[in-house]
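For reference, chains read A, B, C and D in written order, and residue numbers begin at 1 within each chain.
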Amino acid sequence: MKKALALILMLVMVLSLAACGSSAAPAASSSSGTAAAAPETIKIGFVFPMSGTGAMAGRYSTHGADVLKEELGGVITVNGVDHPVEFIYADNEGSEEKTTNVYQKLIEEEGVIAIVGPDASKCALAAGPIAQNAGCPNVATFATNTAVTEVGNYIFRACFIDPFQGAVAAAYCEEQGYKTACIMFNNADAYSVGLKDAFIESFDGEVLGIEEYSGSDVKDYNVQLTKLAAQNPEVLLLPNLNVELGLQIQQARTAGLTCPIVCGDSADTPDVAKVAGAASDGVAYVSAFSAESTAPAAKAFVDAYVALYPDELPNSNAELTYEATKMVVWAIQNAATLDRDGVRDAIESIDGLELPSGSMTMVAETRNPSKGAVIMQYDAEGVTHYVATVNP
Amino acid sequence: MATILQYLVYGLQLGSVYALLALGYTMVYGIVGMINTAHGDFLMIGALGTFFIAKLFENFHVDGTYPMLIVGLIILIAMVITGGIAVGVEAIAYRPLRNKPRMIALITAVGVSMFLENFPRALPFIGPNPRPFPTLFINRTFRVLGASITSTQVIMIVLAALTMVALDRFVAKTKIGGQMRAVSMDKDAANLMGINVNKVISITFFIGGALAAVSGICYASAYPQVEVYMGSWLGNMSFVAAVLGGIGDIRGAMLGGFILGIAQIFATAINSTFGYAVGFIILIIILLVKPAGIMGKLTIEKV
Amino acid sequence: MSILEVSNLSIRFGGLLAVDDFNLSLERNELVAVIGPNGAGKTTIFNMLTGIYRPTTGTITLEGENMVGLKPYQFAQRGITRTFQNIRLFSNASVADNVKMAATMHTTDNLAQCLLRTPKMVRNERALDEKVMRLLERLNMADKANLLAKNLPYGDQRRLEIARALMTDPKILLLDEPVAGMITTELEEMAQLVKQIREDFDVSIIMIEHHMNFVMPIADRIKVLDFGKTIAEGTPEVVQKDPKVIEAYLGGAYQNVDA
Amino acid sequence: MKKCLLLLKKFGPLLGSILFYALIMFLRREKILNGYYMQVLMFAGVNVMMTVSLNLVNGFTGQFCIGHAGFMSLGAYGSAVITTLLFKGTEFAAAAPIAVFLLGLLCGGIAAALVGVLIGVPSLKLKGDYLAIVTLAFGEIVRALLRLIQPIGGARGMIGIPNYANFGWIMFFVVLTLWLVRNLIYSPFGRAFIAIRDNEIAADAMGINTTRYKILSFCIAAFIAGVAGGLYAHVLSFIQPDSFSFTKSSDFLVYLYAGGSGSLTGSVIGAVLLTILPEMLRFLADWRLVLYALILVCVMLYRSEGLCGGKEVPFLRIKRESLYQEPLFGRRRASSEHEEGGQA
């Protein structure tokens, strides 16, 4: 009995491994689109949390990618050959461990030409070395931590970095004439900590009080906000995650903080304003793009998005995923190659690509995009309004 | 002074959520002896359910809220649905394991919890996005001794206290309450005495689920955002509260919930950097002083 | 020379004086039975003699060493072991393992030796196994060595408790109702066993038992307890004839047991 | 012939492990197993160690620890501090990376073990659920404190941890752990643990210093968890406090009880299968965790004693050494001696 059990187990293990293994496709070949019988499918991998507390971000992200897929009509033309394109969405549950698994799967098994995502810096930091070692270009969407692209020359990002965003927020506050600020941040979250540090470093005024909370599990911020209200600051910075912001804005108003509120780019999610309700009136945030923008690329994106998903408006996740994917597709088209290295070089060479957020140029040394930020503001109905553009 | 009172109100607000949830936790534990880690997800179902039920009643929507009667109806429907789901979960997943080691039921509950969270998430019309919770209770702010208290907070705290008293009386005085006590002491003996143990346990789960729905509605009224993962950590905290008060004891659960809420708020108030850790340190200290929780009696095994 | 000296032992639970002024001087290889109706405080005395309860007043001296205040495991390590009235076996372990577990305190192997399973450790284990088997054989349980304790019939569970207690190499063995719930034939076997143990292992035995037929032939001395007080003491013949005992206890107990 | 069998019995597991390792490496070289499978296998190995360690406390000693990820995080950070903060870029690390790696693992293990003693102390006073809550609180406190220590990155975590742990190392530590824990279980120490689990009062009455053995159990388990955490850190090369949350602890609980507590085989099977299963369900996209949850519930319902139901495969079990009771190769298992299976 025990022997049988042990044997069966061994068998199951080895078979399951071998079975899955044998189905592995060869890595992206370097054929340059010679007139073969059937054109090779171009696979692009996407890594997002589709379950777990970050699942909302993943949902917007996949929707953003879907817009580009529609736009491409399912094909990318390389050297005059129409290659079918396949987007492979992989769930990383917002965990670093799963992200590394998913990267390996996409690179080794699916043979993707490039990976778009993930949205969290921690996941990008954990899995970045895998893409780097495999020589697979990787464009992170929302990973704003400076260290993400320092992993190596295959790692790019579509968003701006924490120090820039913090500086933008600080500059905006100074411009508005705010002399004193208070901050409440999530000490369990790297994004929040990074943004807070960057803001403090560039803000010329005085930071009157800093309060912390740990994690987004229990959404009671009353004490921290009451303490900050006692400081009577001219502005409140909430550099926090979108699942927390709605309630924070609401509770800040209830706690008697009447000053203007400034948030990071994660506030660019319609759900924040929906949850905050009327309290969202006047909340300003740093954003990569403005849905109001009259630029054709922006308008086209928003229209295409709404056409595909009539119930919602795009948020930053959707938009950045769209841009990151666009960068990859542009690189494939312009490098006219299905070779990962060629794609990497092409991404690095992006100069003046028209994206919804404006014209984007890749800084080759840091592999961060050089792009401006806009300051947006919610009104009482939760509609966003353009306030200002800040360029690096 | 006013600040301390204000913090106390916040503590009671958070504590009442823990307490309401812990009541269901502790009842189930007291009667079946299992740790139902999916209990927090019943809270989510209650809150999310209320969101959708309220949508159905949109025609009655006036001045940003609903008439009292409709609110009562919405809450009742949510309680019945959540209680029903709790009963269903018990019948399908827990009943077959009743005589198995309790860890087995615990792991099953982890699986159930995972299912209850991920199933609605995977449904396209629910999904993972947080939603604003409709205003069910009229929100007015009172000023008492310099502290501002909202009507929602008052409703939550009073509701929690009333529920505790009602539950306590229910278990102590009614026939079914007596049967519950009998089942909690000895299932087999209760069975021999002609008590329908399955029925009693089903009723317990129904009450637990309904209470979770109420706490979900309270939580979502105070922190008006609903999403599918909202219950998991709250469930853990209410388990902590129930154990702190002495698991299996209804008054203990209540006390544990309020103590936990107040401890967390005051720890945060003193230093928000360490607040989170300090809350747990207080917990450990209390347990070291009272090894069977605050209201729990240390059962000395007779040799 | 007496091996165990218990004097003025009393314990109070709240207002209840559960055991009042219990005295006992136990000789080497002596068998003393403690009898008395339910609630007389017999098991409480055992609990004090094994360190589970700390007496309110009084002293317990084992070979000149004061034992009051020591932990239960220290009582066992110094040579007082017991069986339990409500059987407490290591129910998910095999019979042999149950017995082996009781030898834990005699082990000379340290953690590293056990982790690495050094040859010395293996030799010790083998010796232990043999010792266990010899013991089980003496108690007629060798054929059941591999059964799980919880699957044993009731009588065997009692015997296993005794085997386990013997494995600690006790100087004094406390038997708490060793024949409770047994039928008459088992009773005789057990009486035989107790006698044999007393001879083979050179232990002193204190035994709690209701069953007079069982106690009378094997006990050297009997102490009779009622409501925590010692009401009579002496050889079985003396005790049997003591009017106080007959009045307080014997009549009722006979009926109880035979019923 | 008999001597040959004896040798096989003694070295069979070792041989089996080596063969298994060789097989995996062969499949890897032949590109049948790609990096993805190796990655999943490595995490499975770490999870096996964690589950075995949890088994020691929950399954064998009968305590109730639900904050095991806390020990793991201490080991991960402890080892990462050594390899990354102290030695990274030094000549010594370049000359002897393995020495640095092993030193890191040792320090991680010791750090976790010391705290394990600390957690063992309340276990003397608290039982069951009350102890569980303390371990949960402990895990949360560790996590909260790690976030606040800036030299190790605070909430941002530590990046650039050298990628020392490969499949070979993990395999080595898994086999070593299984071997050591098996030896421990079938020794006076293990018997003391089981005695405490089965009946603490009786254990005490039989001269077992329950205090000491309970703390020891926590301590050893914490050490193993610490080493596993160290391996985890050096596979992932990035750690942050929130990786070691309660969710992680409850994963290990699931592996343990789904596999069958009180059995090493169960821990191995539970951890390996349940690490691989969610990966195999990836094709289900959104519905993946829904099905995983259903499978888990069904396993518990239909095989509630765990997948391997408290049984042990021969090489994770030590038959009594005595020749007195039955011959070394009992009639019952005479045929099973030929197998030379081994699994990570």
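We take it that a contact is a pair of C-beta atoms (placed from the backbone, for glycine too) under 8 Å apart; a residue touches a chain by one contact, two chains touch by 3 or more.
Predicted, not measured: the structure shown is a model, and the values here were computed from it.
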Check your understanding: Farthest chain from chain A, comparing Cα centres?
Key -> C
Review point. In whole angstrom, how far does the Cα centroid of chain A sit from the Cα centroid of chain B?
Key: 35
Exercise for review: Averaged over CA atoms, how far is the centre of chain A from the centre of chain C? Could you give it in whole Å?
Suggested key: 71
Exercise for review: Could you list the positions in chain D whose residues touch two or more of the other chains?
Suggested key: 144, 148, 201, 286, 289
Exercise for review: Give the residues of chain C that touch two or more other chains, as numbers and ranges in rising order.
Suggested key: 52, 84
Study note, to complete from the structure: Listed in rising order, chain B residues that touch 2 or more other chains are 118, 121, 273, 276, 303
Point to revise | Listing of all chain pairs that touch each other, if any do | key: A-B, A-D, B-C, B-D, C-D
Point to revise | Residue ranges of chain B touching chain D (in the complex, touch as defined) | key: 35, 37, 93, 96-97, 100, 103-104, 106-108, 110-112, 114-115, 118-119, 121-122, 236, 239-240, 243-244, 247, 273-274, 276-277, 280-281, 283-284, 287-288, 291-293, 301, 303
Review point. Can you list the residues on chain B that touch chain C in the complex?
Key: 302-303
Point to revise | Residues of chain A that touch chain D when the two form their complex | key: 1-3, 5-7, 9-10, 13-14, 16-18, 20-22, 24, 50-51, 89-91, 93, 95-97, 100-101, 104-105, 107-109, 121-122, 125-126, 129-130, 134, 145, 147, 186-190, 192-194, 214-215
Review point. Where on chain C is chain B touching in the complex?
Key: 43, 47, 52, 84, 86
Check your understanding: What part of chain D is in contact with chain B in the complex they form?
Key -> 58, 122, 125-127, 129-130, 132-134, 136-138, 140-141, 144-145, 148, 201, 246, 250, 253-254, 257-258, 261, 286-287, 289-290, 292-294, 296-297, 300-301, 304-305
